[in-house]
Structures are given as C-alpha cells and as structure tokens.
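Can you read through this structure? Questions will come right after.
Chain naming follows the written order as A, B and C, and within any one chain the residues start at number 1.
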Amino acid sequence: MLAPLVLWLVAFVVLPMAILAVYSVCQRDELGRVVFSFSWDNYARVFDPIYLRIFARSIGYAALTTAICVVMGFPAAWFIARTSDRWRQRLLVLVMIPFWTSFLIRTYAWITILKGDGLLAGMLHYVNAISAPLELLYTPFAVVIGLVYSFLPFMMLPIYGSAEKLDGALIEVAYDLGCGPLRAFSQVILPLTKPGIFAGVLLVFVPAIGMFAITDLMGGARVPLIGNVIQNQFFQARDWPFGSALGVVFLLLFVATYWLLQRRGAVGVELR
Amino acid sequence: MASMVELRGVTKRFGSFTAVNDVSLSVMPGEFLTLLGPSGCGKTTLLRMIAGFERPDQGTVWLDGTDVTDSPPYRRNVNQVFQSYALFPHLSVRDNIGFGLRMQKLAAAECASRIEEAVSLVALEGLEDRKPDQLSGGQRQRVALARALAPRPAVLLLDEPLSALDAQLRRGMQLELKRLQRQLGVTFIFVTHDQEEALTMSDRIAIVNRGRIEQLGTTDEIYHRPVTAFAAEFIGQANVFDVQFVSAAADGVRVRTNTGLQLLMRSDRWPQGKGKGRLSLRPEKVHVAKEPIPAETTFPAIVEEKVFKGSVDHLRLRLPEGSELLAIVANQSALIARIHRGDQVYCCVHPEDFVVLGET
Amino acid sequence: MKCLRSFIAVGLLAFTSLASAEELNLFAWSEYVPQAVIDGFTKETGIKVNYETFASGEEMLAKLLAGGSSYDLIQPPDYIAEALIKHELLLALDATKLPHLKNIAPEFLHMPHDPKQAFTVPYMVGSVGLVVNTDVVKDPVRGYKDLFQPKYKGRIVALNDNRELVSWVLVTLGLDQNDITAANLAKVRPILADWIRLVKLFDSDSPKTALLSGDVDLGVVWSGEAARLYEENKKFAYILPAEGAHPFVDVLAIPAQAPHVAAAHRFLDYVLRPEVSKLISDEFPYTNPNLEARKLLTPEQLANPASYPKLEKYTTFRDIGKGAAAIDQLVTDLKSSQ
C-alpha cells in the first residue's frame, strides 16, 4: 500500500530537492553547465548583504500580503460560511472562478485596470475625482495589490473550512455566558478558526515570498524579490549552482515558517 | 409574588411563518416550568426570546421586573443549556465551566472555588482537565449544565438537554435535574417534546401548539383536566368522543356518541345547556373484566389487539356499536394473563373519569 | 504555464515519434516564427513542426544544456550561438543543402560569432535603440545621455535585461560593451545606479505596451517593438543612440545531437526563400537580412526607421561566459538598493 506513495515522494519531492542540494554546492563552467566540485561559495554569496536585503524585503512583502489577506479574507470567508446553503455554494463558486483562467491573464487584467489610461483612471477621471494622471501601476502598491489578489483565495478557503465547521451554538453560548461581540470573537471564534487561519498563512506567506511574475509584470521589475533573483540565475546569469543555493535557503525558510506555525497551533490537522 | 420571567403578548414570525403567536406567560421564582409540545410548535423560539437570541416582533420580555426585550443575551442574567451541549472544544472541562465566571471578571480564587462547587454539583470530580471530546455523552451533558449554572443565573433555560442521552441515563438525569433545581432554588424553564420527562420534573407545564400556549397548569391539572383534545392526546393517551346531550338526571348527565354509545358522566362537568361536546377518557380509567360488572356504564367488547408494554398492557377494544376504545391494564393482576386477542370482555367506565374538552 | 507547455510538447514528441512520421522540433523565441511559415513548410514537405518557445537566450541555453537533445533547430541570439560554437554544441551545416543562403546580405555573413559561417543562418537582425513619444517629449533625444535625465524620472521603460543595461553604460563611457571586467563594472556602477532610479518599468517581453498606454513616454527597446509602435502611430520616433548602438542577429542553428538533421536543413533553406522570409518581415518588422526578400517588401515597410535604421558602429554582443553572473549581481544590487 505504501510503496506507490514512497515512490511518488521519492520521484517528485526527494529527488528534485536532492538535485537542488547537490547543485547548490557545485560550480559552473563558462557556458553555465554545472561542474561537480564541492564548495560552500554559493552559500557564502547568499549571505552577501545584497541578497540578505532582498530576502528581508521579500519577507516584508509576503508578511504584508499575508496580513492584508487575513484582514480581508477572514470576514469574507466567515460571511460565506455562515450564510444560507443556497448562497454559500454560489459565493464559493465566485471565490473559485478566478482559478478557471490563467494566472497571467488575470494579472494582465489588473494591468489593464491600473495602467495610466486604464479602467480605474478612466472611471476616476469621468467622475472628476482626480485630475493628474494615475500613478498606480509599476509601484510597490501595485505589487501588493497583485499579491493580495492572487493569494486571497488561498487564505479564504482554509478559513472558510474552519468557519463552516464551527457550531453556531458555540457563539450563542458565548453571548449567553456574558461575552460581548468582541470577546465572543477573541474567546471563541478566533481560537476555533485558528487552524484555518494558520493554514491560510502558510499557503499565502510562503508562496508570496517566492513570487516573481507579479513583481515583473505589475511592479515593472524595478524592485527584485527573491523569486526574481532565483529566476535570474537560471535565465540570465547562467549560474545554476547559486540559484540552487538560494532555492535551498528559501526552502529552509519555508520549513522554519511551518515549524513555527506548527508549534503555535495545529496546522498539520488542517493541512491533512 | 412578582414573576421571575414574564412574556407579554409576544409574537415572532420567520418570513410568512408565525412561530410564536401572541403568547403571554408568567414564571414564578424557583419554579420548574416545562414548555411541552411537538417539534415546530414554537417552544424553542419562546426559549430563545427569553435568552435574547431572538427579538420578538411584538410584545415584551420581562426578567425580574425589568423589560429586557431589547437587551442582548450577554446582558441578561439568564443562561441556557443547549440541546447539542455546545461545549467549547478548545477548552478543558474546567475552562468550559469557568467561561461565564471569567466573563464576569471574578477574582481568580473566587472563580476557582465556584468552578469546584459546580464540578461537585454535577459530580465531575477528576475530569476537570479533560477536553470535551474525551467525555461521554452524559458527562458532556453535566459539563454543559455546570457551565450554565456556575455564573449563578436567575433563570436556567434548558433546550431538550436530555434528548441525546439513552433512556436509562435520561431517567437518571431527570431526577438529578429536579434535585438540583430544588437545591439551588433557581427558576428552570425546560423545553421538551417528551411528555414523560415533563411530568417527571415540572411544577407546571405549558402545552405549546402552533405558536400558542394551549394549556398551562400543574402536572396534575394537565393530566387530569386537559382542556383540549390536543392537550389530552399529547400528554399520555386519551379516548376522545364527540357526543350529544341526551338527558340530565340526579345521577348525572347522559350523552350519546356519534356511533350511538350511551355514556353517563358527572353533571357538574357538563356545561349547562350545551347540546354538543367532546369528551376525553384516559385509557387506564377503563376497567376490564372477563365477566359483566354490575355498574351503570358497562359494555361488552372484543379484544382486537393486545400489546405488551412491560408494566402495562394496551388493549384495543371493539364495542358492539362499532367504536374503538383503548384500555391500559396494569400487569400485576392475574386477570390480564387470561385475556387474549379475540376474547369477549366487559368494560366499565365511571362518570367522574370523563373530562369535557374545549376547542383547540 | 511554460512548464506545462513543455510537458505537453514532450508528450507530443513521444507520441509522434512512435507514429514515425517525419518531424522537426523547433525551439525558438516566442512570437518570432509566423504560423504561416510553419504551416507552409509542413504543407510542402509533409514534415510536422513542433514549435517550443523561450523568452530569453539564456533560457534557451539553460533548457538546451539541461538535456534538450530532442531539439532539431534552435534560434539563439548571436552571442549565445558563439558560446555554443565555442563549446562544440552545434552541428556544422551542410552548405550544399542551403542554396538560398546566397540571399543573405554580405554584412550579415561571417560575423564575429560565426566567422566561418559554418554553423548558423541569420534569421532576423535588430537593434536596441531609443523610442520617444514626440507628442510629449519636445527636447531632442539623441542618445542615452539625453534620455536618462532626471526630468524624465518615472517616464522611461527599459529592457528587463541586465546585460543590455550594463552595455548602454559601457558605450556611454566609451568602453567596449563586451569587456566585462571588475574595473569596468566599477565604472558602470554609479551611472547605472542613477539610471535605474529614473526607470518606471523594466520589460523585455512587450515594452511597447507601456508606451502605447501612455504610462511612459520614453524607452530603450528592441527595434522590432519600436517598428510596431511606429506602425501604430508616427509620433513614436526611433533613435539609434549616438553613443553607439549595438545590433543583434538572431540565427538559426542545429544542435550537435539533433535527431532530424535533414529536416532541419530543409527548414533552414525554406526560411531563406524570399517569399517565406517576407512573411516573417510582415509579422515581425525587424531588419530582414535577406536581400531578395527585401525586394518583396512595400516602400512603407522599408521606410520604417526602426526596421531599417542606419547603423554606423557595428558591434554585436560577444559571449562573456561567467561575466553574466557579475552583471546580474551588479544590477540586482542596484535595483534592490534604490
């Protein structure tokens, strides 16, 4: 029974990561081919202030994205989970619909909205809300919009899962026993939806650190995040070993995040 | 005496459905009142309006002399035990019971002693550190009870709290609830659809049907003097006859059922000058014998069915003129062993056992 | 997406090789080979073409080196072709099978990346130059120095290509754009840092988009993009930087391990035919190196200043080997410390 699973894990998880780990301690030739001679040089470069700064900025963007996703996603997911059956199905479909089109197409749609002569600018000009040209696209603000937009469903769905399972009577009990709305939220709703929130944080925070397409397309490729740097090693700098070392460090960052969250709450349960 | 809970002309609609229709009710301090009725009759909605989870569309809710119609649940000194228990799964037994106390911001020591008191009240010693999913159904029930009682509410509302327990546990809990209520002197308002439960525990019962209180009275009144066919048939069982007035004499009033059966009943029960009426007769009041009984109202009957119910037997009798009569016979008599399906028996009813019913 | 596409392509390859029909695996830039050309080739020869795409020369190199031995025909830029020739990864072409090679203008043959003209066939030639929206920008812009001005901050689009960025500064400094040394990069650094701060966005895929939408008014872009802009609206002027423009030649070549060498030669010669090469110019208005094909173009096409500019200093990019990593680190550093 276990054998196919083990094979699957070896083929799709262990092997690629092992290759990544091996490459990360190798060198490269003129053309960019990997040369098998051991060295920690690539890791030494990862800890160059240039890249540490980029790691820090990537984490900052990811943290901001995650925070906005929690603040926006929780009420929405909660509302969907607590609404009538009929509406719940429809609203869930609405959350899923963006996944039916390609990620790139959705990102270009945002570019169409935000660009100088785009939809938003047109509307604002029409109602005379602004007179100067709109400077939204190709700013950090646009990057955050793009990240939040892409990852919001990944925050909402696990929170929805927790919220939907929460017995409404528990909230009534809280009210009954003297909790006002705020304390009912902090004492009952929050602790009971925590697994969903943690799962959502994991699903948003980690991929958001490594996201590169949005910084390129909506941020104008002006401020590189760690995903861009890794991508560049393969597609511009011909430096696979260094790219692998960055990838390994990024992976360790993921493991650390997961471990931290697991210690704080039962993420595992929700993810399984 | 001032009432502890009072509903004045309360109406609640959900869309086009009227769940509670102009109900007024007054519950005395320390009273054990049961709202009894079939599912969907509005009894739970009544309870939720007292708790504050629903706001009446019309009428007012009063608690201990104060109008609380617009107060949220957390401002009412009323706690509820939920049908599903609704224990907080993330909290231990101790923290569940102490939840309401923490919200009252009591000192830690006071909290601890009140929790201890509540734990011993419901005999849960030793389980304080367990989580709800490590408890049996009966234990969860006790935690829910202790949690609702710990903040010492003036009124405890119980929404079918025993329905999830098995029969034996349920009987035990019925007695225990009654004992607790006497011991604490707290007003209990108990919702159930189980008439036996209602009779066992209540001081008074309110029979709720289609959003209205059909009859409110002591258990005795409710059982022996049902005022409507619904009340008669919902509590225990009843033989109900539609009858016409025949004659009045010194020994009582004679009436005739629509199948032609002549019955004699106490004249003070029959409303003066009334031509038609509806009677109820409890099946255990029907006396059954193998031989004719020298009494006023005696008829022969055929036993069409005999159902063994443990302590009693249910007999479905067919009377000569065609009507059906249910009789309940205690299993202690030697007589019952000799009665079989298809036998000819004689039954007799006493004039004082007929109750005249009003319209539903 | 790209992964999925290659996955499907590999799947198709496996399937079609079973079917044993003749086929050709073409690995080329996205949006660079017109569908009409591919269809015409298949119609004439019966050879099925599997067109897989890449978005940068380095990406192509990476995939080729990662074991893409099933490619029959690749489309590297000049300096990548040079590296591939140096490392003996290209097959020497059979000139007898390429009679139409004579159509190529002599200045595009025997170039530094393939001095013996033994491994590559020029496909299209372009340049990197300046585009200015002359409706908005009234001051003359002649070179990089005129364009990278503080007054244009936030109004510039530049190619998202680190080597290009560095080369612009090198020629501005009067240095050799192919001389990537630590000393030269140190000289580049302060100037590039200033320039990067002025740029609103970096985009190699479609830099014309931001110019068309008015998000920016100036740009340093591929000449093909500039030609499209000019076709759209004559207000977009294309200027070869006075400091020195560099042309690029995209070539076609056969990898050393290509499985369908004969089919690859047939495709090469097919593309060299004037009427086929014209189709490419129609869709992608770069400089067509095919003189016979140019004769078939309209006067408007030939008059587009971005398609047929007057190049004076004629230095293409050369292979810089490991220098690419140093460039990447420099630009990454500058971009992230603005």
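Here is the rule we use: a contact is a pair of C-beta atoms (placed from the backbone, for glycine too) under 8 Å apart; a residue touches a chain by one contact, two chains touch by 3 or more.
Remember, it's a predicted structure, so these values are computed and weren't measured experimentally.
Listing every chain that touches subunit B and subunit C alike gives A. Inter-chain contacts peak for the pair A-C, counting C-beta pairs in contact. In terms of Cα centroid distance from the overall Cα mean, chain A ranks first. Centroid to centroid, with C-alpha atoms defining each point, subunit B and subunit C lie 88 Å apart. Between subunit A and subunit B, the centres computed from C-alpha atoms are 57 Å apart.
Subunit A and subunit C, compared by their mean Cα positions, are separated by 34 Å. Only residues 51-53, 72-74, 78-80, 82, 84, 86, 88-90, 99-100, 103-104, 147-148, 151 of subunit B touch subunit A when the two sit together in their complex. Listing the residues of subunit A that touch subunit B in their complex gives 167, 169-170, 172-180, 183, 187-188, 191-192.
Here subunit C touches subunit A in the complex through residues 1, 55-56, 58-59, 61-62, 65, 83-84, 86-87, 89, 154, 160-163, 196, 199-203, 209-210, 213-215, 319, 321-322, 324-325, 327-329, 332-333, 335-338, going by the rule given at the top. Interface of subunit A with subunit C (complex): residues 28, 30-33, 50-51, 53-54, 57, 102-104, 111, 115-118, 133, 135, 137-138, 216, 219-224, 229, 232-240, 242.
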